[in-house]
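Shared chain: subunit A. Partners: subunit B in the first complex, subunit C in the second.
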Partner chain A sequence: MVDRNGSTDIQFAIIGSAGDGTIAAGDILKRAMAGLGYKVIAFDIYPAEIRGFGKCISRVRVTTEQAYSLKRHSDVLVSLDDSYAIPHVGEVCDYGAVIYEASPIARLPEGAHITAHIRPTQLPYGLNQREISERATSAARSRNIVILGYLAGLYGIDPQAFRDVIAAKFERKAAIVTTSNTTAFDAAYEVGRTVFKLDQGSLGEPAPAKSGETATMMTGNGAIVRGCIDAGLDTFFGYPITPATTILERLAAELPRHGGRVLQTEDEISAISATIGAGYAGARAATATSGPGLALMAEMLGLGVMGEIPSVVFVSQRGGPSTGMPTKTEQSDLNMAVFGGAGDAQRIVLAPTNVDGCYRTAGKAFEMAEKYQTPVIVLLDLYLSNRYETVVPPAKNPFAPDLNKGLEAWRGDGDYQRYQQTEDHVSPRALPGEDGGMHTVTGLEHSELGKPSDLPENHMAMSAKRHEKLKAALTHPDFTICKRFGDEGPIDVGILGWGSTFGEILEAMFAAQAEGIRCSAMKVVMLSPLPEEQIAAFMDDCDAVLLPELNYEGQLANLISGALGRPLTRLNRATGAPMQVEEILAEVRRLARAKAA
Partner chain B sequence: MTEPLKPVYLEDKLKQVRGDGHLRYRSRSLPTWCPGCGYFSVAEGVTVALNRLQVPLKDAVVVSGIGCASRFPFFMDTYGLHTLHGRTLPVATGVKVANEALTVIAVGGDGDAFAIGGGHIPHAARRNVDITYMVFDNGVYGLTKGQTSPTSVYGFVTPSTPYESHDQPLNPLMMLLSYGASWVGQAYAGHQHHLSDMIAEAIAHRGFSYLHILSPCVTFDKTEMTYANLDIRVRDLPADHDPSDRLAAMKHAAATGHPALGLYFREERPTLGDGFADVATRAGRKTKTGAARAGGKKKTAKSK
Partner chain C sequence: MAEATHNVIIGNGSAGNGAAITLRERDPDSRITIITMSSLPFYNRYDLPRVFRGCHDWREILVHPPEYYDDNRITLRRNSRVIDVDGRSRTITFAHNEVMHYDQLLVCAGGRGYLPEELSDYYHLMHGFHSFESAMITHDALPQGGTLLMLGGDMIGLDLARTLIDVGYRVVLLANEYTFWPHRIEPEERDGFLAALERMGLEVVDGMHPVAIEEGAAGKPARRVLFDDGSDVDGDVVMPFYGLMPTAEFMLGSGVDIERGLLVNPQLQSTDPRIWAAGDVCQIWSEADKEYRFYYGWTNVRQMGEVAARNVTGASEDFKGVGDERLHVGKDGYIQSPFWEY
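And now, the complex of A and B:
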């Protein structure tokens, strides 16, 4: 679909049952499109079960310029399983296409076939998915490849891009898998190419690549892994948990090639304990988990704060509380990330808003952990961890290799003091193996020497040290702690946001501006310590402030109103699905109207 | 008892003790243990062992959990890490993974090890991480004032079990033998020289070594694991015990009425560090492409 200025913006939704190859089809589609130079943003929804009954949806938005979120309305819906696809027919826009199995294997009762639900404004394309697959490969299993061939034919997309991705995807399997799938693809491509087209049926050209840039497609978790490797991660300890597992898996495959070590531990407590142990020994160390794992790690993170030991914890949030909804997205672990654990345990909490941000935040997290001698939590969520975006990796490694204020910075008489009070509140840190720096780190409150001490003035001074040293993170070099987008100066409605939801916020902001509303949006990347000054300045400019987030009460809203004591309007959704651009836009319109009235 | 008794003069003894250099491993902090506590023997044993093995102070890291035993790192002049209740082994594993050149000694009490920390022991053992784990077993919670512990006798009367404890005690040696620890031994705080020898042997072992140390609590246990009782009950492992025979070791470990001291089991097998070296080879290690870490290279020693 080409819009008026000639650029492409088309969103595909492939819907099937677990085991149909829905996610695999989406994967090939987005890789082929990215290979052709289009910008892609994609997100899959799948059940917590591996096989059997469960709805799988793969949504892929293909654009000329990078989009910030998926669209509520898809342009093309492909059904691999009508029973799951029927409820989603409504999400196809007017003049959008619905591609379905034209010859179902059994005679379906009225209403069970998708044709009964396609609206007159939508374009139905019946396709003999099963028959084409069986003719090409003597099995129905390649239906997911058949629909790809059909899409390529229908929209005039270069079939070679698909063939390349298919060959790469099945590279490790027997050659017959590639050839039979390619046969199925080619057969369906011919069908798609020659079918009578109900719409205009072609895509605009992709934007030409800027010289020297090679765009690549990554998930949020994939970008975290790249960031870790570029930052020189030495050791990684992890325990499998959705949606953070892929960080463990990819690092297990890649980190050893770069001289690092990965260990799957017996539980999350062990993972964070080993991370803290490795951090104490001078390694750049990290672990990754989700909300339930972070809950288990809270006590050990406290030791990291008390002992001033660097460590990085990646937390990909999912629906909660408890086991909650493991394969659904949510932003409800902010409270735990910022406040979790015993005592006054302030630490740094960062939340990137897109895939590119995941890369930069991951690397910077190691810098900050080392420089300010503290645990750093990087908050992701399932929607960000698993969604694909086209990104351009930086030409030069942007991360500082070593920021430890080491034993050489020790200036004092007598015994080395691990927790010496200094101007910037960060003490010289000796590492095991260094002569003259022997000391014991403890979770007990301690004196500057590191010896246990419960004197009142000492606890006050040490508490101040642990809090004040983190303020420097607000001005950490080359890191965006928060950023304003959209209209400058006084505005009608300002939107604050964090994490994955910020993509939808940006799209809503652009839509509101197009309607003549003076609108601006600010992303808050550093959630602890909070950039209060910048947020306050932004709120000063706004007649109304909206804060959309994926949790029930508004955890960032609580944090900001608690810190600044100013009114803001909350928009909370706890559905397990990403926020809709239209929901935010409706709220922006309402606030703008209320102001006008 | 063939040697004739010779008078020992305090001054000569002090000269000898100061002269051999093991006191340099002790910090200037005075231990906070009760007079008569078995842990003094352990502290002595560790310093003697480190001195005998000539481990540089800067390369030794003592990791502990929470409890009386876990106060140990403060009394050493090496690097130390006093962590959380029960988390000694995973933290020690992290230290060792980060820097293979370090001599890592994990210590803790019976509660720290077998109550709250019980889940970590099998995994440290099966990974064969090259550290030494010493459990100071006094069969009671000392730092919280005398509650029952996982190794307390059945029927133990304590403030938390005023009508007697009804839990069977665990058998730590049996557990460690079945977990796959590559070195398992037992010593007694009342036999100082044997204890020091065993600690030295445990530290020298390449792989996960577990030393169980029977160590009376003179304050909160006046009836069960006392010096008087243990002096009578402990015995040596039979001279013909073969330390490569795991089942024979288990048989001896099962005889808890008269705890046998000595080396129960020992085997040589690849350590966790060897595993990492193998992984690096299989993955096709390239030169480090991440941020070139000048400090990191210095810090991270190559695996053995």
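And now, the complex of A and C:
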């Protein structure tokens, strides 16, 4: 976990039952480590069922160098509940540590204690979690804090960083809560500090922060919220659905302080209708949902396309179809985002690949919605929405406040032509009530005046207008629609990717390069319109192209194959879990070997 | 299909591991579980002096690589302390409250350092040498070239002493009746053996009776041992080496006969036909001596484990023990012991 250069790469997995404070412990751990200057990627898994039990896992990867994904194998597993942790002992790497309750109260049948499952290559650390907690706080509920103290002591991590986070976490509660938890932490810290260490006991020093930069921890959904606020979001309409709910919750708390409004609607149809209505009225408006909600929104999105009304829809994908697997991740709503709805209803579809990208994409989505007068769908997924990363917020707001092509641009004669054919295919847009801007907006095909028209040549021209205007988005200022990483020039294996999977793709690419395979990766952020030129140029350089994605059908692979007619190798996983770096790497190796043969 | 026989071995030392691999060879289908209180896989405690020769990674003293256990389908339960064995229900209870069933039980729990009652109050001021962890802690406490005050000086301690002297430490041996344990030294031999120790570089203090241990005064070595005549001696570390006592408390409720160790017949079977014992934990009936006696040293212990395992799997073989157990002085003038051979 600490290499010869002193760089640190250690992943913790805390596993317990709902109610054990598993997620809270992971939250404190990641915030403390980020506060110390380490780079952190974290992801929590919790049960779908709303009841007081079920498996919770908090995985936290701490590095001194930039990392892009969680690792398949954790370096440290902490069990707060052996019945849930035992199936995960195998994920601990060789010479990784397993920390567990050494003195359970209940009598256990053979095999029910985690020591029965720790492999000889793993390092067992028994800890009297309950006893330390009870001694410090007269209750067992601080076991999650106890394990943090033990970890800090065991790995020589500055305890003050934890104490600060604990104090901040409980600042709204009675002072005794902070005091007792800190006492439990300190008691366990001393145990961890003095226990005999079976392996390297301390972490490398984090890289010093660049001047003026302050890193902070954020989830993908948190970054979306921050991006919305910095982009000047006026109104947000939402209906709760996992894993998008936290966008609604956090905006409800924060947006009013920035002069905006949030309304929880009665359902998703209402949410998208209100969003388009607000966009029609000139507001920056958005909604957030998941796959099932997007399905309900399909018809109104068609209205947004036909009416050329700006709106932004954040879609955090989860396992589908139907209710599917609400707390599992998947990338299977790409087809619906790109194609869902009646008619030729192209819209802009964006998919950030990391938390920082969520922030930038959220803000840019509003710019694009306004500039190109269209709905913009931002595709997230559960893994990205809930994943924590350390990010450095930009020093100044990077988003343009208003890109509406307003009424003042109207230079024509006669009645106002809301849908005037222009050189860039974007028409002037009058807002309701603007003098001289009276026009009709309808879901029916319409003329430049907005009046219903089903003339064949009109429908052809308007269809062309609605599609052609979106091409400009491929060169939208200060926005990365796709980007190549790794080796330049001819390469053995190129990896195309989108969304949260791209972190694993990058890690696999670096590993492949380390093995001598000439390897590059390209992330595709703009999925509609598709940056065909750039993708084709990338594929031209590759002897083989691999496209890993978290769906069964290979939705992006189908999209690219259909657009470019080029062969590519698919790697599809629909397990509800993030793609494994090792899976991608194995496929890269196979393709490289096939090329060599 | 019948469930495989579950052979459980308590103890992960030479006896336990010798038994385990013998069981595997003779009964390929059985389940084998080794239980140990240690965090580490099997290492040879006779190798522990290597800690003072710079071996600070426990991986370097493992007898087998960790994969050995998986390769031989042996389940290793580390950090697991047995607190009770019930011979009637054939169950083992762990300190962590888990209950395990066995079909055949081999107790190879070894022994732990004996500490006379009058020194037990000073336990916290002494350093141990019973495990890799304790050896490392002792190493870290002993400054380079520093002084070890060795109480007693059994053959385990003297093995450490010769290493320490070889690498530049000072060893002061506070000799008493436990010196040279487990060898039985005739009174007329004693002075000769102590002289041999001095030739080896130990400083021998004989006939003094320690009554207390204190922390050293400021500016002085970390420890001070006080004698009953009011005199004292300073050192950096104090280590007791008073021989071993069997680790058999957890067997008290098992129903088998126990004296100091588990009493077993020459086939190493206890009074419960499903419970066997090997190593420092057991007293074996000696027809020649007409008494139950201990056998020490790596060669004896390893052989006991193997014999017990063969008998568990149907053989009827007596444990013989190594022939020559005498301490002697070699041509170099230094003491030599068969217990140091492995």
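The rule we apply is simple: the second predicted complex is superposed on the first by the 592 of 597 C-alpha atoms of A that agree within 3 Å, B and C clash if a C-alpha of one lies under 4 Å from a C-alpha of the other, contacts with A are read in each partner's own complex, and residues count from 1 in each chain.
Just so it is clear, a contact is a pair of C-beta atoms (placed from the backbone, for glycine too) under 8 Å apart; a residue touches a chain by one contact, two chains touch by 3 or more.
On a predicted model such as this, the values are computed, not experimentally measured, just so you know.
Undergrad: Overlay done on subunit A, so just call it for subunit B and subunit C: clash or fit.
TA: Subunit B/subunit C on subunit A - fit side by side.
Undergrad: Tell me which touches more residues of subunit A here: subunit C or subunit B.
TA: B
Undergrad: In the superposed arrangement, does A:A102 touch subunit B (first), subunit C (second), both or neither?
TA: The answer is second: A:A102 touches subunit C but not subunit B.
Undergrad: Under the stated touch criterion, which partner chain does A:S273 make contact with: subunit B (first), subunit C (second), both, or neither?
TA: Once the two structures are laid over each other on A, A:S273 reaches subunit B alone.
Undergrad: Touching A:E110 in the superposition: subunit B (first), subunit C (second), both, neither?
TA: Touch status of A:E110: second partner only.
Undergrad: Examine A:G343 and indicate which partner it touches, taking first as subunit B and second as subunit C; both and neither are also allowed.
TA: Touch status of A:G343: no partner.
Undergrad: Once the two structures are placed together by chain A, how many degrees is the angle at subunit A between subunit B and subunit C, based on Cα centres and rounded to a multiple of 10?
TA: Approximately 140 degrees at the subunit A centre.
Undergrad: Compute the least Cα distance separating subunit B from subunit C in the superposition and give it as a whole number of Å.
TA: 51 Å.
Undergrad: Would you mind writing out the residues of subunit C in touch with subunit A in their complex?
TA: Residue positions touching the partner: 39-41, 58, 66-70, 75-80, 94-101, 133, 136-137.
Undergrad: If we count contacts the way the header does, which residues on subunit A are in touch with subunit B in the complex?
TA: The touching residues are 229-235, 237, 253-254, 256-263, 265-267, 269-271, 273-285, 299-300, 303, 307, 397, 399-402, 404, 406, 431-444, 451-452.
Undergrad: For subunit B, which residues count as touching subunit A in their complex?
TA: 29, 56-59, 61-63, 66, 73-74, 76-84, 87, 90-99, 101-102, 119-120, 122-123, 272, 276, 279-280, 282-296, 299-301
Undergrad: Spell out the part of subunit A that touches subunit C in their complex, as residue ranges.
TA: 94, 101-113, 115-116, 118-121, 123-126, 196, 198
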